[in-house]
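Common to both upcoming complexes is chain A, partnered first by chain B, then by chain C.
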Partner chain A sequence: MVWEGAALLADIPQLFPAPVTVMVALGQLFVAPGPPGLVWAGELMGNTLISLWRVIVGFALAAATGVFLGIIIGWWRNARDLLEPVIELLRPIPPLAWIPLAMLWFGLGFKPAVFLIWLGAFFPILLNTVLGMESTPNKLVEVAKTLGAGHWQILFKVGLPSAAPSIMAGLRIGIGIGWMCLVAAELTGSNSGLGYMIMYYYSTMEASKTVAGMLMIGIVGFLMFIGLKKLEDKILFWKAA
Partner chain B sequence: MNGKKLIIDRVTKTFIEKKGGSFTVALREFSLEIEDGEFVCLVGPSGCGKTTLLKLVAGLEQASSGSIYLDGNAVTGPGRERGLVFQDFALFPWRDVRDNVAFGPEVLKLPLSERIRIAEHCIDLVGLAGSAHKYPSELSGGMKQRVAIARALANNPQLLLMDEPFGSLDAQTRYLMQKELLGIWNVDRKPIIFVTHSVEEAVFLAERVVVMRSSPGSVKSIYPINLRYPRRLTDAAFIELREKITADIAEEVG
Partner chain C sequence: MKLTFMLLTGLLLASLLIIPIGGLTGCAPAAPSAIRIGYLLGDLHHLPFFVAEDKDFFIEEGLNVEVVGPFESGPAEMDALAAGQIDMGYVGMAPAVLAAARKIPLSIVSGVNLEGSGLVTGMAIGSVAELKSKKIATPAPGSIQYIMFGMLLADNNLSFNDMEIFPGTVKPPDMPQSLQTGRIDGYFAWEPFVAKSVVGGYGKVLVESKDIWPGHPCCVIVARGDFVGSHDGTVAAVIRAHRRAIDYIETNPDEAKAIAAKWTKLDADVIDNALQRVKYTYSLNKDDVKRFVGEMIKLGETGAIKPIITSADIPDPDKFADTVVDTKYILR
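Right after this comes the complex of A and B.
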């Protein structure tokens, strides 16, 4: 309502489209032919699918590498001393600062986008896994030892489940950052995806379609977050009650 | 060896502070021998090294000097033949009661059916049948401690070490748990070393009460408790012993 009113008052649909116009734009994008290879899906859903696939691949890579390295660094003091300086040096570099290098290495499209998502999601996943492994309660480790558990059994039966809440939090933060990195990557280094779509309609001065794309980016990000939260509640059921 | 179940032979434990490099002697020349089947309580002022001693026997800490022998074998690390029960239960919150209790048999890689059989037997023993599929967050303090005891028993330990196991329970629950522990002990007569702050608890439970001296910890005096079980807190002989031991500890604190 406020948006609609403000848009009416401003009366510059090229810059500040009203909700009704955005809805119309959404409809138009929905029926317009999709990007090459996904023509059947329509422009909106086709680009969404492209973006989703990139984020899924990048996030899966980040989850696998981040959790794996996080377990190693969080569990073994030596690994930590060895790897931490490198990580602390790379971590402050914003993922977006890697865009030029990513384009140089991987060209345009799928690969640089996946690389940037991986980069953005990797650090929060890694750091939260390390934190979770390190804060395994000493009492539980001791009790497992007295019950006869060996080092690897303690790692998998005590360390990992006890780190699970922290790991899940890392994944949740990671997917959010990954999604942001994806859109940024598509704005510059791509010719498909939701990021590219909103940039394209910026260049054609169709603000309503840009806003429609932004809306879609928000919706997908929100749904991914909800999905992960549901998964988290399922895995960490023992924390409730 | 001389046929004793557990021999603690002149054990000294020194901790070196990480900062400053100063060191604290937690235990000095601590010696104690325990018969098979015996129930021994350790009492003493806070910081007298009771917990350190249990950790040494459990193998979680290494003695700076001296030795500990169980059935004639030197203790060099943690082992499943020595069960440990902590005051704060230390249950695995992501495992239900049965899987907590089955942890020992599981890491021993016993077949699943065997693990379940042992776990259910031990859960019955501590009176938790019917709660096997509850999670620790759903249990009261007393129930949690029953799970911790069942978990230690599931390994069929030769020696049960208990570090103020009932310290955080309310008086009613505590009394109930004491009686049940005696019942469990009566079944298979495995020796128990039980650390407590409460002299009353010690006199109620133990066949021998060991009073410790603090900083550095060592044995001050040993009281055999020749009262018949079940003991009554109001018996004259009980009260007399309780007061005598309390005075002995007070002397140490003062």
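Right after this comes the complex of A and C.
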């Protein structure tokens, strides 16, 4: 109601579309033909599916590389001493600053978007994994050693389960940042996806459709967060207990 | 102490009295009219604005111009106009028409240039028919270049569906480099981005925009709706300075090129090449607006492009052009 009232007061639909017009725009985008190859899905869902696919691929790569490197850095001091300076040098560079290079290296469309998602999601996953591994209680490691466990057994039976909550938190943060990077990546060098859709309707000055696209990004981001939280509760059942 | 206080108070009161009297008697010069004008990033079509600024034509017309920008795109500049952040702007006719169609109150008060865009491709492409399945970048959807590319394709029995189009997501300043590195096979853009690839030797002009629509309109000057109504004299002064700048470009081409180089940071050979395709003019034609609107509606209705403006948005292009175009300033 506040939004509707403010839009009524502003009286410039191009700058401040009312919620009713945004809902109408959502409906129009839902039934409009989708992007090439996904015409059946409609414009809104077709572009959402494209964005989701990009984020799934980028996130999967970030999860695999981030967790793998995080375990190595968090478990072996030599690896940490060697890799930490490089990581700390690259980490502060915002993923968006990589857009020109991403386009140069990977061209346009799918690949640079996946690269930027990977970049956005990788560091939180890596750092949380490192933190989790480093926080493995020494007491548990000592007990395992006393019971005759080997190095790999201690890593997989003690270190990883102990780091799991931290890794899951990293994955949750990572997918959120990845999703934000995706939208930014699709604003440049792309011709499909939710970010592109927003840019398209911004250019044609259809503010209600631009806001509808933004709303969809929020909805998908929220659903991903809820989904991952539920998955976390399932995997880390001992934490809930 | 009391005396000092009285003296100071007396001085203050006297100064308050004297200042308005000075103003009334004309002792102080009249304050120039303040106006905020926007323009687009690296757009050689806006050379008259650069010249008017550089040669102090605005100041000589009694204007205090605050330059706002450069804006990255026409829609961004039109948003700034709607939000009251600029009073007038040098911008493409297309975003101005789109903004007016979306009920942003504005008037197009002068022309800036005609023609001056082109379809650039790599050397291997020899005809429009060969664009099938290729990657082509265009400025934002709804821009004059986007619409004219649609017209060109329709004339060649093609449409945007026959190729991979990147509308507005490869910015014109990035287009030449994208072509050079093979990320795209061609692009349709305004100057100087056409000339950049030509002079660089990695691109050629496959079709000039004048061959699609001879004498087509391109950039214009717009003024905010409420500003035109309340600042008639200021708008007229801007247009006078603009006309002087256009005359200057015609009579002093070398100096104008130097000013272009200063504002756009482009090499002289790129400017030389680009200016061969741009015609600067203040003239303004309502029929051009009508035709542009008609072409945009037609391309959308035939499915050649995704509809941007429909007959529902502009049911009567004649009336629309009459409302949006205000020729009184160029006729004064």
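Quick note on the criterion: the second predicted complex is superposed on the first by the 240 of 241 C-alpha atoms of A that agree within 3 Å, B and C clash if a C-alpha of one lies under 4 Å from a C-alpha of the other, contacts with A are read in each partner's own complex, and residues count from 1 in each chain.
By our rule, a contact is a pair of C-beta atoms (placed from the backbone, for glycine too) under 8 Å apart; a residue touches a chain by one contact, two chains touch by 3 or more.
These figures come from a predicted structure and were not determined experimentally.
Superpose on chain A as described above, then tell me if chain B and chain C fit or clash.
fit
Which of the two partners, first being chain B and second being chain C, lies in contact with A:K145: first, second, both, or neither?
first
Return first, second, both or neither, reflecting whether A:P36 touches chain B, chain C, both chains, or no partner chain.
After superposition on chain A, A:P36 lies in contact with chain C alone.
Which holds for A:S135: it touches chain B only (first), chain C only (second), both, or neither?
A:S135 contacts neither chain B nor chain C.
Of the partners chain B and chain C, which touch A:L187 in the superposed model: first, second, both, neither?
A:L187 sits against chain C, while chain B stays out of touch.
Scan A:Y200 for contacts with chain B and chain C and give back first, second, both or neither.
Only chain C; A:Y200 stays clear of chain B.
After the superposition, what is the least C-alpha distance between chain B and chain C in whole angstrom?
After superposing on chain A, chain B and chain C come no closer than 49 Å at C-alpha.
Which residues of chain A are in contact with chain B in one complex and with chain C in the other?
No residue of chain A touches both chain B and chain C.
Which residues of chain A touch chain C once you look at their complex with the stated criterion?
12-15, 36, 103-104, 107-108, 186-191, 196, 199-200, 202-207
Name, in rising order, each residue of chain B that touches chain A in their complex.
The touching residues are 55, 58-60, 78-80, 82-84, 86, 88, 90, 92-95, 103-104, 106-108, 135-138, 151-152, 155.
How about chain A: which of its residues touch chain B in the complex?
Touch list, chain A to chain B: 137, 139-140, 142-150, 153, 157-158, 161-162, 164, 238-241.
Mind listing the chain C positions that touch chain A in their complex?
Residue positions touching the partner: 73, 75, 78-79, 82-83, 95, 98-99, 101-104, 135, 140-143, 161, 164-171, 174, 178, 181, 183-184, 308.
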